[in-house]
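Input: structures, listed below.
Look at the two complexes coming up: chain A is in both, with chain B in one and chain C in the other.
After this line comes the complex of A and B, so read on.
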């Protein structure tokens, strides 16, 4: 009983959704034969040779977990899609499929997009088998899956190297939060959360050795009321900086009301906390990545790789009240990271249950960090998985 | 020292559970109002969405400056949806379960569609907390019950009192209950079953709409899709837990809200269980409100089985049964 099913029946946000609904009704009629895809592929668009060689025109589609105007994650991906449109014009026909959750119809969506003749399909959440089953059955179509963990000839996982961004935000928080206490609203105990809280803690500790990160996990990226309760609970305990991975800005406004410094994950949201805004992750690399992938498909040079493709994730614009010396201190640390002088994860490093995870002299690369499974000492509210 | 910690935790837990539960209190009261006259409206989830989105539209697009007016607009929108529902199930005697499910799904879809382009836009027209004014500072134990916005007091005290008085102390309330328990008898003494059922289910729908409005005008100051996130279904469970009694609905909603508050408060304050890591604890705490809701529903069912208080906890006898005079 998902909402997106139902939404399509009323006023479809895009033609894609109505295609999807049509497919679903068809699938009902033929008793689920659609999943294999071979039957439907036969009645798809005219096949052209997509196995090799350059092309004049390609078709690309973006599959979003939420609406493209969510003021968060999906909106940033759609900004990347628009960058593709601006860059290639007619040469890349783009489309997007919003509000795709996790159920059996998701695979049908991907199959339908393949049958529609898309050369490359991007997803902005990890759909795992719901995507990779379809990818395996359609080796000619390229897939780029964010935060994915499946590597094959036509599936390329990509993600953000955000532990450095979190570190820099942590440096700022270490300066700004007088008590050194950082609150973090997370969704699930995953590498994304660990890299956020670890980066922030290590950044803050570089300024204030007593800094801590206190985490509340709400088991969702998107439940404004729960996010509000988590924010209130953390603000009640007196945190000096509040950050989170939520896909909506409720906690920013609550932070502003409480007079506590805050920041946002996905995009510049200074308007939500006009006086207490610190900074955000800048996700504009999505556009660069998408353009590059489309270019490779056009050139006939697209190949997958054995490692996740990690995108640079700088900090965005500073809030108006962040003092210049804090901005300068963060810029200095950013320069040290860029030059390779500083690594976010440097041993000796203990997790928050006291186990030594990195010995003296050891470091973690961004690729190692992508697979991290533990929070470091000083982080509470979340434990190793 | 320990007392101070307990006091602090109590303040945090109860102080956050009260506003958080208001949505469920309002929706449960709305659902109960309809069910008391025999109309089961499973569309609470959709009505919350409709109430919320119209309040958002009122503020962001129509320039409404007062949260009261924005809430009224949300209530009217939900009442219109409730009227469509009521006409279908009362006048045309369609299945209340089916039309209710359609309203739940349709209401979510409609509100999400109307909310497109308004996602995440912050609302500044908010209900503000009532400051009791110098009598108590907000560190006092009692302050968990104070310093809330006016809707909290209406939902927790005003509405249940009025509803209790009307239901159990007036002839009008007797008629309401008769329409829900034995519509043929009510019909025989000249009560218009159709009219009463439509009126109270529409009134109930507008209260559920107010629950949605409250979400965006007090709790989470912006629209986001699927805003109810299951709270409409919880409200329906709370009505059953409460045995269709207004005061108990408040208790049930507060129980659910406390569990959600416990989730975030326990994590923020580092309360743990010795045999569970913090990551596992977060999953366990997320599950707790629904487990407690389930257990709470079993309590009145168990009471019925044991033969205790059967009269007061059983559902209205004619609940979800369409009434047709010639078929009695």
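After this line comes the complex of A and C, so read on.
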């Protein structure tokens, strides 16, 4: 069983930019693969199965945790799938499998998709062994597992570099929440949650040194009722900004009703909170990524890699009532992050139990942040793993 | 009065119709009635699918093909059937005594949890670990129903509520174990416990089905024999018929209630251990029980607490669920699939009721049994609980 390890291929943030460029070029069909391939070759990685032959037509399937019209996470992935359809026409036969949870029948779903002749299968949540056991047994089928932490020749984990996005939203929250208290609805105590709450806390503290993030974990990504309970609990305690990783926008409506600033992970959903909407994570890179992966399968050049493939995740468009000076302040911080002047995780940094995690001068890259295991000081409601 | 008969009688009490119990129930006719109930329900589902523009015949073909078309399909049904059969046999045993164990999901989860605790901590030869896991799972399932059993036997506390509520407690314990004290910390992101390194022996020639398949068969045979040939079985049936009369006849009613309830929990707990020891499972997470307890309860209620009926019904329902999951990969919405399950199960239930009762108008004179019989039945149940 291969687990997370560094086998030589390490892509620093600068290389990631060039890879993203490569990705865009690939989407236009001009030699992106050569760049990607040479990049891999340059790193001397010789145990990847590179050539399985070009194909005229391929079959791809997307496995979603929720319905494809959830007004959130799964909908954004399905927008990516539709981008594949628009780009390739009938060269890529796409399908999707919605509402797949985390029980033993999930493995049967993946096995069936393999038996149906899919060349590549994308999943929009981490199914871990429910997916990877099937992948191991079917080395000819390619898998792209979002937020995955299993690395093998036919499983490529991909995710979003969202700690920077959370930081920028935190800067906005620090300006907007007068009491400096940010509420966060999370699902599980994993790196996704840590990067969200840490980014928001550190961004907010850059404005308001007393800012805090109060977390409620609800053990699900898609359960409007549980999300509403958590939102009401946080709103009742008087948070000044409410954010969460929920796949659907129930908590936005509740924030609007309570007159509390709010933002969303997945897409621009200002209609749920017309006056209190701040911003959202922009997930439109999914389409580009999916097109790139399908192109590689078509060309017979698809390879896995030893590190997660992180997608760029900018902020979206501002809500109508966010003051211009707040927008400008966030833009200034975004420029500092892009230039490398500012890191989200910079020492000295303590976790919320008082342990020093990063010494003076130390920083974490996006790849390091992908494996983070602790919430920073100032975050409550969740503890280190 | 069968459980279903009580429900149907209650529903009909608002109409000018009533149910009259058939004096003699021919088993062949009863089976035919259930099958025709299922078939007519499937016809209804098919018509609804056709009316909504879906090709019902293609869907039926896909369903049958996914189950019977390959060894993998047959094994997939068997894998689904094992946990359902274990919980169903436990519930069927309790129903022989008219005790309603709604908590088999919780007992199943606790059995799995105890087994995972043993499996990840115990060193030793694999067979020994598995035996200790089985013992631990069995005891944990029994322990999980101990308090409801004591409360029911000695304090006459309704077991429906107590067993049901403990399901939620068990679920939260599993979440806690998988995110907390037994969490797989290797990558800090996986939301499940560590994996047990041992699995049960596979049946020769099988890809994934283990010898766990024999366990429900053995238990069904043992229960069938106990109720056919032993005094204990006779006593339990007598208590089920009329607990007060059983007490007058010198049967130790309370002690029998204890024994039966502990056994029903133990069987479900062993089911949890068997599920954990299947290839691909081997760890606990929030999705460990895909409503197996609830499915088992449905099977037991439909089979009218007949152990061989449970075996046949359990396999049919497992096949239906398996086909349903695979139809999701063909683009059929999960809501349509769940609605179809509901219609088919309702059809079987109506077939079951039709086998045992016949419909009569309230104002017609009846000889022999009649609504009086139903009322008397209610009275005896009231005395029993």
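Observations on the model:
Keep in mind that, in the parts below, the second predicted complex is superposed on the first by the 334 of 385 C-alpha atoms of A that agree within 3 Å, B and C clash if a C-alpha of one lies under 4 Å from a C-alpha of the other, contacts with A are read in each partner's own complex, and residues count from 1 in each chain.
Here is the rule we use: contacts are C-beta pairs under 8 Å (C-beta built on N, C-alpha and C of every residue); 3 or more make two chains touch, one makes a residue touch a chain.
Keep in mind that what you see is a predicted model, and the values were worked out from it rather than measured.
Of the two partner chains placed around the shared chain by superposition, chain B is the only one that A:214 touches, whereas chain C remains out of contact.
Contacts of A:282 after superposition: neither chain B nor chain C is touched. In the superposition on chain A, contact of A:163 is made with neither chain B nor chain C. In the superposition on chain A, A:380 contacts chain B only, with no contact to chain C. Contacts of A:272 after superposition: chain B is touched, whereas chain C is not reached.
With both complexes placed on chain A, chain A has more residues touched by B than by the other of chain B and chain C. Touch criterion met: A:101 reaches chain C, while chain B stays clear of it. In the superposition on chain A, A:196 makes contact with neither chain B nor chain C. Of the two partner chains placed by superposition, A:76 touches none, neither chain B nor chain C.
Shared contact residues of chain A with chain B and chain C: 3, 67, 99, 189, 219, 385. The touching residues of chain A, when paired with chain C in their complex, are 3-4, 61, 67, 95-109, 111-113, 115-116, 126, 128-130, 133, 147, 149, 188-191, 219, 371, 373, 385. Within the complex formed with chain A, the chain C residues making contact are 66, 70, 72, 76, 79-80, 175, 179, 183, 185-192, 195, 275, 278, 280-283, 285-290, 321-322, 325-326, 328-329, 331, 333-334.
For chain B in complex with chain A, the touching residues are 12, 15-16, 20, 23, 105-106, 108-110, 112-113, 116-117, 119-122, 215, 219-222, 224-227, 229, 231, 260-261, 263-265, 267-270, 277-280, 282-283, 286. Those residues of chain A that touch chain B in the shared complex are 1, 3, 6-7, 9-11, 13, 66-67, 69-72, 99, 183, 189, 214-219, 222-230, 232-234, 236-237, 248-250, 253, 271-272, 380-385.
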